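Consider the two complexes below, in which subunit A is the common component and subunit B and subunit C are the respective partners.
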Partner chain A sequence: MKNIKISSKNVNVHYGAKQALHSVSLNINENEVTSLIGPSGCGKSTFLRCINRMNDLIDICKVDGSITVDNEEIISDEVDVVSLRSKIGMVFQKPNPFPKSIFDNVAYGPTIHGIAESKTDLEEIVHSSLKRAGLLKEVKDRLHEPGTSLSGGQQQRLCIARAIAVNPDIILMDEPCSALDPIATAIIEELIDELKANYTIVIVTHSMQQAARVSQRTGFFHLGELIETGDTQKIFTNPDNEKTQGYITGRFG
Partner chain B sequence: MEQDTHIVKSYDEEMKEINNSILDIGSLVENQLKEALGALKNQDTELADKVIQADNLIDEKFRQLDQKLVLILGKRQPMATDLRTIFSAIKMNKDLERLGDHSTNIAKRTAMIELVLPEKPVRDILRMGEHVRVMIAKVIQSFVNFSAEEAKIVWEMDEEIDDEYLGILRQLLTYMMEDPKRISACTNLLYMVKDLERAGDYVQNIAEDIYYAVSGEPLYNDGPDREWEAIKPLKKKK
Partner chain C sequence: MLKNIENDMSNQYSHEKIIQLRKKRSAADRRFKTYGLIATLMGMAILFFLLFTIFSKGYSSFQKSVIELEVSYDQETLKITSDSTYEEQVKAKFFRVKKNAIAKALPDLSKKDIKLINKMFSINVDKEIKEYFLNNPNILNTTQKIFVTAHSDVDQLLKGNARRNIEEKKRKLNDRQLEFFDEFVSSGRLKTKFNNFFFKNADSRHPELAGIAGSFVGSLFTLMTVFLLAFPIGIGASIYLEEFAPKNKFTELIEVNIANLAAVPSIVFGLLGLGILLNVFGFPRSTPLVGGTVLALMTLPTIIIACRASLKAVPPSIKEGALAMGASKMQAVFHHQVPLALPGTLTGTIIGLAQALGETAPLIMIGMIAFIPNIPTGFTEPSAALPVQIYLWVESSERGFQEKTAAAIVMILIFLFLMNALAVFLRSKFERKW
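On to the complex of A and B.
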């Protein structure tokens, strides 16, 4: 039995008058990859952004219900959001390295969070993060070149290195491969597979095949509702719900 | 919500083509057995030769469908019900081709035999063969109706085929022991009855594939090996 890392209960999200999520309850296991799938606008990214309180950045957005991380409530005004986000890294659809060197991109988080105690310490964190993101070999001789000089796939791995440099427990990925070619995608997928030993990963993807390949659990969202959740193997071979079946077989969307 | 058709129309057409190919091969295979049994009944070597030739067409259709299935897997990367249907179709195609081979084997033996065959076992083999033919027709019908219930009924019918097989097996052994001159004719009949027993197993496999395609649940035969149970007493004691 896997440990539950993240647990949401009856989460509702409103953007002004429009309700984007309807009573979403979902458990996410520790050291597993959970995929969130569904048509555009179904609420999967909105749900992902609830986990690190990114929705706080949108004025008209209101979140209610409960989400716990390690049994601690995060939907509360008392939560220190900066500290929460240091536990939860995020990787976006388009690689978004800072306009800084490769080294500084990765060093930025540990520096502002005061994680590194010395320069050597910081170098060690940057090296180990790049290594864990599978990028060190390719960039070790050019750490002071701009992050933006890397290829798209390398930039995305740089963003993953930047996310793990602050030593999070959870990594949220919002369509991390949608801007990448098949080879760069395969490298990221291989990386996700390796990272799950140390992190809990939640990935939003539009690729059914990617969800089937990388995740152990899958949740299907439709019109703001979590329609079905279960073992990935079951969802893609024999889903219980007709809507899930219709969506993953390309019968509606 | 429209659930019956894919957004991409050509995907539906490809799935339909696969279904039609299975039906086409299924009806050829059923006819192959029917004619092989007809040839045996009348010891009609001309008809037996025709059956032997007809196997080439089944093989050709098998290869064509095999190609279509590989292509649709690569092109569509099917999921859920489509994945199960295509996965099952791959197995059904192979099993139908093997079914055709078993009918062809019966025809080959018929074409070879120039002996007087003992009447009773031949009659029993023809009856058993007709039961297998009905199973093929029904299993194909269960595929047309995409019915797990109908597939399960056919799946259970194999038990009767196994019973008939063991009965004829014992009968032929008795014939051979009573009169060694019958050994040659009875050996040919033994092969035929074994072909029919295997044919029944293939139909049972196809029923399992259809059951899985429709329901998503496996249907396993985990009962005892009845043939082994029946012949075990004949094993020499050390």
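On to the complex of A and C.
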């Protein structure tokens, strides 16, 4: 039995008057890939953004309930969001490298958090992060070119390198491959598989095949409710719930 | 159901209708293109006409008329010796040298003639004679042929701006002076050369001596004040309003009022400057400091609106990315959004400064309309400004100021052009793609 890294209990999210999540309770294990699937607008991204409190950016968004990371409550005004986010990296749907050089993109996190002791330290961190993101070979001769000059798949891996440069425990991925071609997708999926040895990964995806390929556990969301959660294999072969069955066999969604 | 659709598709009538309509549509396209072309050409023609008129009127002001004089630097007249110190040389009696030189400007002049011919020279002549001597002190006791500045009336006649074939009473130069004029011209002693006074002097009552250096420097000081006040305040306000301020009725009110402020007539700001800055706070009157403060108030809304628009235009994904990395709000704003918003902000600021440069009304209210014959050397010294200088000159009755007005407009246009070029340059330099 794996350790529980993230645990949510009765999480409700409202956007103004509209309720986006209804009492979601979900445990996420350490060093595993957990995928969240479901049709558009089902609340899976909203749930993901609760974990690193990105929903705070939306004025009308109200989150209640409880989410603990390493048994510490994070849905509370007393939590320091900045240090929470240094522990939880995030990769977005559309690659969003900063309009800076490749090096500066990766060095940004370590710099603002003061992780690197010296310049050589920083270079070391940047190199190892790029290496772990499988990008180093492709970019090591042009670290000072803009990050935006890379291809889409490379940009997304740059964003992953940027996220792991601050050495987080958890990486949240919000449909990281939806803007990429199949080859770039395959590279990222392989990378996710490697990364799970060191990180707890939560991935939101539209592609059921992707969820089946990369994740150990899967949660199925529908209309703001967590319908079913369990081992990926079980969800995709023998789900308990009728709706899950319907979704994975393509009858709706 | 499906059958019906097929029937409709085979209906040739509707297709013909589409073709007919398409013809009309492309005709409308062509018509609109023609209108646009006409409008553009008209705009360009008007602009060209405007520039042509101003330049053709103003360019003669970059030339001045000079008359050759034989000046004898006689040591007895000057009351110095070859051993005199520089200070003694400065105080030497150059006006006597000038008097002698003018008396002998043409052969066989009566006393009355000398008075008349004296009026054909600028009052600045003894200074020019003195300067020439101080630059070459070894010419003592020699006679030098020097070109000295002619009076504006001579200048205008030579440039063809004043007419000579009119009644003597209506002329600035009488018949006798015209005879002298012709003699100077025929002997090649009256000619035009580059008008250095226009660029190095401040305003003057004498058109041939009046220059724009005073108002140019005054405008420069004023714009610096505007920039130093409006740029930091404007950027601070826009960053706060755009990124940090809570969205409530109060901030909404502020936003609406900033937009309104941009539309307030500039003279109202002038009144504010007069009523508050001068009368309540006792700022020094007609100085770049007050002028700049008033114009900064006027420019602020422009800068704020431009800066906020460029902050808004930064993709939110950049800010989200930074925040998700654990950047604090301030870091996300200053490391990522502000650099990306900078080109747009700078362009807006320069447009605001260009507006401020051309503004006359508020400066009149705070007394920058005063006649200032000196070039200002600081922010708290009375000074003129380019647009006010134009206003002052255009009001002057002397003919010589007419070309000065046009030339000052040329200068302000060049100033504006340079500022806009700077805006384009900064934009392309700082603009980054993402």
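Note that the second predicted complex is superposed on the first by the 253 of 253 C-alpha atoms of A that agree within 3 Å, B and C clash if a C-alpha of one lies under 4 Å from a C-alpha of the other, contacts with A are read in each partner's own complex, and residues count from 1 in each chain.
Here is the rule we use: a contact is a pair of C-beta atoms (placed from the backbone, for glycine too) under 8 Å apart; a residue touches a chain by one contact, two chains touch by 3 or more.
What you see is a predicted model; the values in this text were computed from it and never measured.
Student: Both complexes share subunit A, so when I overlay them there, do subunit B and subunit C fit or clash?
Tutor: Superposition result for subunit B and subunit C: fit.
Student: Touching A:213, do we find subunit B (first), subunit C (second), both, or neither?
Tutor: Neither subunit B nor subunit C is touched by A:213.
Student: What is the contact status of A:245 with respect to subunit B (first) and subunit C (second): first, second, both, or neither?
Tutor: first
Student: Once chain A of both complexes is superposed, is A:237 in touch with subunit B (first), subunit C (second), both, or neither?
Tutor: Touch partner of A:237: subunit B, not subunit C.
Student: Figure out whether A:166 sits in contact with subunit B (first) or subunit C (second), or with both, or with neither.
Tutor: Touch status of A:166: second partner only.
Student: In degrees, to the nearest 10, note the angle that opens at the C-alpha centre of subunit A toward the centres of subunit B and subunit C.
Tutor: So the C-alpha centres give an angle of 140 degrees.
Student: Count the residues of subunit A touched by subunit B and by subunit C, then name the partner with the higher count.
Tutor: Of subunit B and subunit C, the partner in contact with more residues of subunit A is C.
Student: Touching A:132 in the superposition: subunit B (first), subunit C (second), both, neither?
Tutor: After superposition on chain A, A:132 lies in contact with neither partner.
Student: Of all C-alpha distances between subunit B and subunit C after superposition, which is the least, in Å?
Tutor: Scanning every C-alpha pair, the shortest subunit B to subunit C distance is 18 Å.
Student: State the interface residues of subunit B toward subunit A in the complex, per the touch definition above.
Tutor: These residues of subunit B touch subunit A: 1-8, 11, 76-84, 216-217.
Student: Of all residues in subunit C, which touch subunit A in the complex?
Tutor: Residue list for subunit C touching subunit A: 247, 315, 317-318, 320-328, 331, 335-336, 340, 432-434.
Student: Hey, which residues of subunit A end up touching subunit C in the complex?
Tutor: The touching residues are 52, 54, 57, 59, 82-86, 89-90, 92, 94, 96-99, 108-109, 112-113, 146, 148, 159, 162-163, 166.
Student: What does subunit A use to touch subunit B in their complex?
Tutor: Interface residues on the subunit A side: 208-209, 212, 236-239, 242-246, 248-253.
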